[in-house]
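Two complexes follow with chain A in common, the first pairing it with chain B and the second with chain C.
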Partner chain A sequence: MTMDAEKHRPVGWLAGALVGALFLLLPAILPAAESVSPEVQFCLSCHSNKTLELVLKSGEKRSLYVDVDSFARSVHGDKLRCTDCHGDISTFPHPTRSFKNLREFTLAYYESCKGCHFDNYTKSLDGVHYSILSKGDLRAPLCVDCHGAHDVARPGVPKSRISRTCSRCHQEVYRQYAGSVHGKVLLQDGNVDAPVCADCHRSHDIVDPRTASFRLRTPELCARCHTDEKLMKKYGLSTKVLQTYLRDFHGMTSSFHKSEQIPRSAVTAVCTDCHGVHDILAVKDPRSAVMKVNLVKVCRKCHPNATENFPAAWLSHYEPSPDKAPLVYYVKLFYQIFIPFVILGLLLQILLHVWRVVVNR
Partner chain B sequence: MESERQNFEPAQRYYLRIHLYHRLLHGLLMASFLGLAATGMPLRFSDLAWAVGVAHAMGGFGAILFFHKSFAFLLTLCFFLHIASVFYLAFIRGEVGVFWGSASMVPQPRDFVEMLRHFRWFFGMGPKPQFGRFTYWEKFDYWAVFWGMAIIGITGYVMWFSSFFGSFLPGWLFNITLLIHADEALLAVWFIFTIHFFNSHFRPEKFPMDLVIFTGRLSERQLREERPAEYQELLEEGSLESIRTDSPPLWLRNFGRIIGFSVVVTGFLLFGLTLLAFLRE
Partner chain C sequence: MIRFSVRQRCEHLLIMVLFIMLALTGFPQKFYEMGWAQWLIPHLGGIDRVRWLHRLSGILFTLIALLHFGVVLSLAVMKRIELNMVPTKKDFRDAIITLRYYLGFSEEQARFERYDYRQKFEYWGLVLGGNLMIVTGFILYFPTFWTGFLPGEVIPAANVAHSSEGLLAFLVVIIWHIYNAHLNPDVFPFDASIFTGSISEERVEKEHPVEYARLIAKQKELPAEKEVGEKLTQKAKEGETTIKEEKAESSSRKDDSG
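What follows is the complex of A and B.
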């Protein structure tokens, strides 16, 4: 990087010092950098210069400054040397590299992470972000776009950081999420029981949520929390939501579609079709789409001719009992008694007949 | 061989008990019912491994629902063909005996008397009743199927054309239709695959298989022993000779045996699977 050397403008008293002297002095001068290795400190003798930058062919400028404090605080601060990631730059002067633009610069280091994080790298190859990258869309996020480069921190500390990370690109979704029952309790009350983006979408192997298979997986996805007795008890929520859904028309249909290896159709309502997706509200919220007064509007999304009493076909996740849906409860009870009664009664008549014939012989 | 003697007695005279029309209709009924049960039960117990297996074998749940509806159409056709024949006999041929009398399927006062006597006989408290053309349990069998077809059929069509029915029927009715359809169907499947099968296979005089529904023919001995009242009536009327027919040909008996046993095996398998599933519910 000879062209950079020209731009390397000395600053402060560090300017004329010999490389060897710096090597010895740096630990004393930069106390925050104590934890970083001597090799890193060697690179920092130049890269702690805030004005150090690279002008790319496109005219974009890439700062070559590395904030030693943020690197020292990062998860890699006491573990990695610069050359662990920047393996191509092990000599000084640096070998010449030319980049068309900033994105190409970032992409050049894309595979640096996989040396250690092979499992997550492999998972990301199944993800929707890699899929759009492989189709040539360079806007797709790479490791560093979400995790940062020199300042990599634990992604889930605090938990809300995950959703904020996604929000950098998915602003509209984040806005809806922030107003939802899940987003509100997490972002405003700091309640970590609430899900963030990655809880539903996963982090590295994010699949396209518009596919039939993702749609059909929605009930089991929501059920991970909503059938957890301990968790739901805290909020007075029912854990029967999955079971009651699966027993109803929509749930049954979703099971049918799901059992097919390649779902051909996903034409049935899943949790999010009624409750909302990122903008999901508490069922007690008057604005909730599943509030009784709003329900017929939800039905009409798929059943355009639904009449005002159409939503009564839905038992609102209640298990039939003498209080809730008594008719369903009693019809069920009737058959539970009637079926064995008829079959066993008639069977007895046949057995008596056989018995008499045997006795008479 | 016991079965050979029961179904083929060359020395005997043979009389026609079941017309070809009714035998064909029973064939259609049997095929469509078996089809409905085989496609419906996997839908009812769709979360069980065997149900998924059956569904996959037939091309997925979407496909079995299509087959289910096709069989439903056939059974509906069968239902109306039967109704049409009853009305034809009663109103065009003027045989009012279809609706009332010793040859009618409608329960007669004597059926209740025979039932009581039958139970007395079970406990050795009296002689075996003199049954006529149809016994009380055969009539029960007939009406159980009739009732079942009406209930399961109506609820089935309400769900099939739910958007049409939903435009004027209240929503809560759909919960009931699914429930009734599924449970009434379970009752029908169990009834046919146990009671109806036992009636025609396991009663001592029928074991191992009564072929009359395939051959349509009954020997004089069978008529005299199993349906003494009918035999007596025919004898007094002098109409016995008018229903005289040839002995059942071998091909027809073999045809009946093959169909009969295949259906019984399939039926028992479905009964076993659904019983286990029901007990686990």
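What follows is the complex of A and C.
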């Protein structure tokens, strides 16, 4: 993207003239908000005009109006001057710039943020959004697409705002999320214990969730909350879910696959393969994919020949006990007694033999 | 003297190699959380490769076991060998006599046949343990098939049994078989007869006096009638072979005591 090349093209003169006209009227205009700096007030003498706009080559119109109240309320309201971001427009009349379309206009200013927010900017370079942008897909969101421009507010206030932000592009995912156990309690009950998009996907360095490495990190992601004793106690949920998963065939396989840099012959189930992803439901919900009656359908996703008995091969995150999985429990108990019994018996006979040999000498 | 036939020696060797392979690829799976397992599995080519090796070794182990039972039973049916590994009342008496002797209650020592009670114990331990490993191993290998007619809980139960029985087998080999074949003061440092097939006459006389007496008696019959004598010798040899076979396995199968 070569935005610099566009500088100084003689387009937008009309807008410039308008600005000039308004400049003359400055003394007549009262600043709408006291908290903004004098420089901002100066710019607003023109930019508080709702009709001020720029017509782009594409025919699209870009409003140049800045709502001073919303800017004053924004996190930057008492901190930044206009030229902190619009560093190229420090003189009047403004240097002329030409943009083919609105997207190009946004792209031209998107790197302004990195001057202060360098860490988040750098993180975003590792994210999937930047990666599609760099491949030429200009629909990829930029800072301002999520955070806004003049009205930047704290992204997580309220927490549900984060998911609503993502929903502007990811509508279908949001619809599923809103119906899920996590989405419901957050969006309907305002319970901030529930995760929003960024809790699992992160915010700036969002990894492509379709990659194997992201898949294999799923147990770790879910476990951040689901092994938190205090948090899970509130909802009567077990914190043994990770441990019981990792001890079973799938969990052991996925944890090795995660650490190995070796091509895999097969995929193995992680949390979301059975419980669902954005549409995850409480395990007590009759519609839950892991409800006993539904479980065989889940198993069949990978084990097409699974019969009704098959799901019981998985102990549903329970430790074997006389109530849950008595067969497994008693086989285990048997060996816990039998192994020491046999080994001690053999050791005893060896010791007796050695002793007798010594005595004989 | 020849104690073990070529077949018995091969069986021992193969079972030994496979046992090591199975232990090497099985224990990192049982103890996968341990540091050494986390190191070993990637060094063996990853968990998928380790499982593949374990299953391959298990299949070969199963084939050898089937071959062993097939050959021994058919030879027995043809009366070419006697099943001298079968436990008898004498074995229990011998065990008691030996324990009394070890404890110093009596100076009487048990007089053993071709296989003493410890060797039989080890052989049958291997047979029973090995069969359990084969059955549970194949249950774990094909869970969808088995749950077609068995309850699902059989799978995790087979898992516990397989890994516990494997541990038991390993400990018995490490402790009992290694003691009897290497550390035992009577054979230290190495009882090589299962590899070479031969054993000294003195050892047979000392460790298996009943068998020794029987062999000597047969040899004495030889010169009497040449033809009959030759036949007898051959029979005796065949008999030995059998005996050896079972013995071989017993010692070979390192162990699982069941």
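As a convention for this text, the second predicted complex is superposed on the first by the 321 of 361 C-alpha atoms of A that agree within 3 Å, B and C clash if a C-alpha of one lies under 4 Å from a C-alpha of the other, contacts with A are read in each partner's own complex, and residues count from 1 in each chain.
Everything that follows uses one rule, which is that a residue touches a chain if its C-beta (ideal position, glycine included) is under 8 Å from a C-beta of that chain, and two chains touch if they have at least 3 such contacts.
Computed from a predicted model, the values in this text were never measured in an experiment.
Participant: Given the alignment on chain A, is it a clash or a fit between chain B and chain C?
Facilitator: Once both complexes are aligned on chain A, chain B and chain C clash.
Participant: I'd like to know which partner A:Ala140 touches here: chain B for first, chain C for second, both or neither.
Facilitator: Once the two structures are laid over each other on A, A:Ala140 reaches no partner at all.
Participant: For A:His353, select first, second, both or neither according to whether it touches chain B, chain C, the two together, or no partner.
Facilitator: Once the two structures are laid over each other on A, A:His353 reaches both partners.
Participant: What is the contact status of A:Leu54 with respect to chain B (first) and chain C (second): first, second, both, or neither?
Facilitator: neither
Participant: Do chain B and chain C land on any of the same chain A residues, and which?
Facilitator: 252, 255-257, 259-260, 264-265, 303, 305-307, 309-315, 325, 327-328, 331-332, 335, 338-339, 342-343, 346-347, 349-350, 352-357, 359.
Participant: In the complex formed with chain A, which residues of chain B make contact?
Facilitator: 43, 46-47, 52, 55-56, 60-62, 65, 118-119, 121-122, 124, 137, 140, 163, 166-168, 170-176, 178-180, 183-184, 186-187, 190-191, 194-195, 198-199, 202-205
Participant: Spell out the part of chain C that touches chain A in their complex, as residue ranges.
Facilitator: 29, 32, 38, 41-42, 45-49, 99, 101-104, 118, 143-145, 147-157, 160-161, 164-165, 167-168, 171-172, 175-176, 179, 184-186, 257
Participant: Flag every residue of chain A that touches chain C in the complex, lowest number first.
Facilitator: 252-253, 255-257, 259-260, 262, 264-266, 303, 305-307, 309-315, 320, 325, 327-328, 331-332, 335, 338-339, 342-343, 346-347, 349-350, 352-357, 359
Participant: Please name which positions on chain A make contact with chain B in the complex.
Facilitator: 246, 249, 252, 255-257, 259-260, 264-265, 303, 305-307, 309-315, 325, 327-328, 331-332, 335, 338-339, 342-343, 346-347, 349-350, 352-359
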